[in-house]
Each structure stands twice: as structure tokens, then as C-alpha cells.
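Each chain gets a letter, A, B and C, in the order it is written, and its residues are counted from 1.
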Amino acid sequence: MTLPPLGDYLATLRTATPLVHCMTNYVAMNSTANLLLATGASPAMLHAPEEVAEFTAISTGLSINIGTISAHWAEAMLTAAATAGQHSIPWVLDPVAVGATYYRQSLCTRLLALKPSVIRGNASEILALNGLASQGRGVDSTAASGQAIDAAIALAQKHGCIVAMTGESDWVTNGTQHYRIHGGHPLMPRVTTLGCGLSALVTAFVAANREAPLEATAAALGCFAVAGERAGKTAQGPGSFQVALLDALYQLTPDDLTAHTQLEPRHAV
Amino acid sequence: MTLPPLGDYLATLRTATPLVHCMTNYVAMNSTANLLLATGASPAMLHAPEEVAEFTAISTGLSINIGTISAHWAEAMLTAAATAGQHSIPWVLDPVAVGATYYRQSLCTRLLALKPSVIRGNASEILALNGLASQGRGVDSTAASGQAIDAAIALAQKHGCIVAMTGESDWVTNGTQHYRIHGGHPLMPRVTTLGCGLSALVTAFVAANREAPLEATAAALGCFAVAGERAGKTAQGPGSFQVALLDALYQLTPDDLTAHTQLEPRHAV
Amino acid sequence: MTLPPLGDYLATLRTATPLVHCMTNYVAMNSTANLLLATGASPAMLHAPEEVAEFTAISTGLSINIGTISAHWAEAMLTAAATAGQHSIPWVLDPVAVGATYYRQSLCTRLLALKPSVIRGNASEILALNGLASQGRGVDSTAASGQAIDAAIALAQKHGCIVAMTGESDWVTNGTQHYRIHGGHPLMPRVTTLGCGLSALVTAFVAANREAPLEATAAALGCFAVAGERAGKTAQGPGSFQVALLDALYQLTPDDLTAHTQLEPRHAV
């Protein structure tokens, strides 16, 4: 079976430098912007109800992350997601800690109704989002990635979207076709908001490669997997890891990405 | 006199990975999360009135920092602190720049009434909090640590809590028993929000070691003192210092902490 | 023609450690505080309407950046800028992405009426601010710096302020006297919020050197140009560049700044 040429999607991203409208949490804003810039996309963070629709409409993609949600932000996110839908702009949902509180579950139900192009979460979040019943513990995943694969596939089928579930190994699925991606490094969960930043990077890849959202999502995950492995080779802890990850994403070439991503395609489970 | 085995408190923290609900300022959110993750705790940042009580109730500890306070945040902090009290969850107050404005003084008066387990501040802040009269200058300390020891002890006695006062050397007191901690590095005040992050780390230590809050607070300060010294050995400025500090906290072993913290116990002043 | 002694302005800043009240965007807060601390100023971030005027009045300078603006912040910025005017405290406006939405244009019109001491932006922003007509694309500049020089001079004349326009090369003008500054490094646009941080550094320089705002602004730009070149010599990508930039700003001496800034004075265009 032929593997998708992941490097091509990175090359396209770098040529297009997609403008990614990021509505993300306060913890992740700076690191997300730096991850996008290092890889080759153009981030913009803004959220005021007075301007959010106007800006989403001129963006290439929209990334929504509910990490530090509050009422005004929630309304603006719903407006932005609806605007993205009206203009056929791809948008990505990162349902941070959706299992932790009723408020998050209620907001995610409303966001799901606006049809995200991709959902990116850890196993706990994917389980919670699929069932809106599972118990998450804060923002870190406690469920094993393997346990949640069925939930990811069901979620993709139910909402007609891509689901990217990340953890020790990553899964990406459109409900019928799936990829497993290996790589990364054990230090990655010791650096805050890498998952949030990955959701924004997925947005950039999908926005720049609209004809192939499943493969573009896999390419974004591949960037983190390959750059993460490389960063881990020199890092002495989470501080130097984070610095090395940005450098590795910047240095990563399309050929690197195609050659070194440990991608395992799977059809119909 | 026998010194407390500070490393034991770090070992307990790493086993327990306490979930620390952080309500902190925008400047400190990312660095605080990274400091907690590097040391071995699990941070979660959220603040919406719709969910804050629900989440505090499932947390191991609560860290409140008023750095970039505004009305909605203040109300949510009061709700969270009250919830922590109801569930006997330890919580820590960081009264950033409390001397600078009447608004901060008024909010801290309300927070103190909710009985924090620990107060962590610099000398200016401890003086201001004790007197609610002293003049602070922004967020950096201008009063010498030594001058404020009486205020720290008085504050601990008045509110039945631990007070950790940090500066060139640190003091921790429960009003009758005190420790002085030496160490750290002159570059530490040149990196923003390390004090804010330390307050969250104190929360993690106290939450994971509820039987010994005074010693657990000393252990948190010891981590910064020892890791700060180590980071200072390779740093060429505040940029590389911050990176090296995260690495040093990650690499720090319980034995290191016990052996290298310059801890000086003092009874009844 | 004699060049201004840029190093003298840095020496003054380090002696005075000006307290810079920063009202900036969520993405830039941490990096801005670190850039100010590394160079030698004292940052403070706060924005509540309940305290903002009280705090601006005791600050040495005020830095306003509209990056992640919303209604409460906008009102507080207007209050702070008015307070700065009443107390003759220098203040700097960073009109992030002013061309992108009507909301930003409307807010900037109100802020300009409060007479900023300095405006710092990229070419797109300066063009948009001068015309309140040009089309910006998000937060990154798309117009060439050269194209916008006339706009910068016109803006300075119209509002009786300094305009600092940064890009591949920088311009600073008071409407009649101008400097061009070369230096920096191609990695600088790949690190988020360096421009935002530079606006705050301009505030610190102008606050500490009130008798020479044009030259003090040039000195701030010179710090970034010289430190940026040095950081670029060791950086392997945007991660290590950001770390090295903070170290280089910390290590930069007044003599370095005077000797190595590539400053080109120009009179009456």
C-alpha cells in the first residue's frame, strides 16, 4: 500500500504560510504561536466579539481550544466557528479537559453542532467527547490511547470529521480510513501545551491542504513525532526539550518528514 | 537538631503527581505550568465561574495569584478558595504587588478571610499584607528580606497559616517554628514569574504532604534554591537560565534535595 | 555629523530601572516581561479598571499594545493613556494588526487622540494607522519597510510623536529628523511577539531618557538590532534564537550599543 507523501503537505504549508486564527487558552498562546511560526505558518490570536467574525472570514483556518474558557470567549468561539462554516474555512476543535466539568461538556456539544473539520485530543478527551460521559482528570490524559480507538472512529463517523487522538502513539481517522503514527519522546508530556500547539498546527496543515484533510492531519502529527524524537536526542530535560523542538520543527524538511515519519495505514477496522 | 528530610516530600510529590488548580496571572501561566510539570506535579488552569467550584473540588491543591486580577477573576478566586475550605483542600495565596493599589489590598483582605494554608510573597508583599499599609513598588521587592521577618511571623500567627517569604535568602514560618533557606542565583529576579511559579510549586508540595505543611513548603523553596544554583552554573543570561532551571528541577533527585538544601532551622524568635 | 551616544541611554535605563506599566496582549506578556528584565527595566502587567489609573500614575512609562484587545481592556487602556497624559508620563502605542478590522481602527483613532509619545509598528501597521485605510494581513507585515517611510513621517508630524517602524531595516522619525537602523537577524520574525516586546523596551528607554525621546527610541531599536545579530550567530532555529536573544540583551554593554549599532542619521527628507 502506498503511503501518502507527508512531506508534500509540509512543502505546501510553507509556500502558502496559512493565516491561522487561533482562539486558544492563555497558557498555550505564546507556545502555539511559536510552534506555528517555527513550522512555517502565520498565527493570529484575537477573540473580541466585535471583530472575531470579520477576522475569521479573512483567515485560512480557525483553531479553537477551550482550555481556559469563560463566557465571553465561548460566545466568540461559537461565532467564529459559525463564520468558518459559512465561508467553508476549515476549523479544528481541541476539547481540553472536556470530561472534567459540565460547563465544558455543554460548550463542546454546541461546538460539535457547528461541524469541526478535525477534532484533536488525548484519549481521555476523545472518550469523553464521544460519550460525553467518561471522567477526565484535568488536562492530562489518564486513559490509554489504545482503549479509545473505537471512540475516535465512532466520533469521526458521527460528526463527519477527522479525529486525531494523540498519546504514546497517535491515531488519525476519518471514520473509515486510519493511520497510526509512532515517534515523539517521553519528555513531551512534561512540556505544557504541546498538544494545544499541535491542534493549531493541524489547522495550518488542513488549511493549506484542503483536498486531503486526513493526510494533512497525519503530516502535522508526523512533524511533532519526528521533531520530537530529534529534540529528545539533545535535551537534558523539559526546558531544553522545548527549545530543541522549535529548532527541529524549523529545520525539518519535507523529505525528512516523508522519510522518517513512522506511519502505519489501516483500513476498515 | 534533626533537619526534616526534604527529599522525602519531593519523592511523595512525584508519586502522587498532585493535580494543582492554578488561578494565576496571564504572565505566569505558561511558566508556572512548565515548572510544575518539570518537578513532577500536574497543573490545570481554569477560572470560569461556571466551573471553578466543580473543578477545585476534584483538585489536590489550589494556587491563587492576583497578578493580573480583574473583577470576574476575583469573584472566581473567592469561590474557589471557599470551595477549597469546604473540602479541606490546601490552598496558597500569592499576593502580587498587594501594596501597589487599594484594589489589591481589598481583594487580599477578602482572600485572607478564607484562610489560606500558605502565603508566599516577597518582603514588600509580606510587609504590605501584614500591615495593609506598607508601600510596594510594582511586582518586584524593594524591602530587604531581613526587615520583614517580624511581619512574616506576625502574619502566620494572625492567620494560622504558613508564610514563605522569598528573596536573597528565604524564610518559612508557621508563627512559632521557622526555617531559613539559602541558595538560588542572582539571575533569578531577572526571569519573570519565577516567584509565581514557586507559589504553585508550594501548593503541589503541601497538597502531596498534608501532614507536614511547614516542611513541605521548605522543600518547595529548597527545590528552587538547589535547582537555581545549578542552573546558574551554566547560564549565560536570563534566557539560558530559565531553560536550565526547568532541566535542573526535572533532574533533581530526592537525595539531592536533602543533601544540598542549605536549611537553617530556628525556634521561637 | 555626530551620532547620538546610544549607550548612554542604556546606561541611564539600567541605573533608573524604570517601572513600565505594560498593557499588552496575552501572547506577548511573558516574553515582554522577560525582554524588559533582561535589558534592565522593571515590568508590571495589570489592567483592571479598578486600579489602572492608580497604577499608571506611579509608573515611569506606559506601554499599550492592542493585540488581543476586548472591550474591558480597551476602556482600561483609554483610562491609562489619559492618566499618563495628565501626569506627563511617556506612553507608547503598538497598533497590532490595525489594518485587519474596523474594531482596531476605531480603537486606535481613540488612542491616537490621547497623544502617544511613540508609535511602534511594522510597515503595514504604520500605513494603516496613517491612512486608516490600508489593508493589513493579520499581525505580520506584508508591506516593504521602504514603501511606508512617507507614512511614518506623516504620522509623526500629524500627531507630534515619534514613529518607530521596524522590519528588515528600521526607521525612527519625529517628523523632521530620522534615523535608519540596520541589523537584527532573519530568525526574528520566526519568534512570536518580539515586536510587541520591542514596543515595551522603547517605553523603558523613553521613560528613562525623557530629554531625548527620538534618540532613546533609536537606542531601544539598536539593542534589538545588535543583540539580534549576536543571537543569530549561535542559534539553530527560533527556539535557541529566543533564548540567545535574552542572554545577549542581558550581556549587552553601553559601549557595545554605541559601537555596534548601524545607525544612519537623515535630516529633512
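Methods note: a residue touches a chain if its C-beta (ideal position, glycine included) is under 8 Å from a C-beta of that chain, and two chains touch if they have at least 3 such contacts.
Keep in mind it's a predicted model, so treat the numbers as computed, not measured.
With contact taken as defined at the outset, subunit A and subunit B are each touched by C.
Relative orientation of subunit A with respect to subunit C corresponds to a rotation of 120°, obtained by superposing CA atoms and rounded to a multiple of 5. For the touching copies subunit B and subunit C, the fraction of interface residue numbers used by both falls below half; the interface is of the different-residue type.
Inter-chain centre distance (subunit B to subunit C, centres taken as mean C-alpha positions): 33 Å. Each of residues 26, 30, 242-243 in subunit C touches at least two other chains.
Against subunit B, the residues of subunit A that register as touching in their complex are 25-28, 30-31, 67-71, 97, 100-104, 137-140, 189-193, 235-240, 242-243. Within the complex formed with subunit A, the residues of subunit B that make contact are 19, 26, 29-30, 33-34, 37-38, 42-51, 54-55, 58-59, 72, 242-251.
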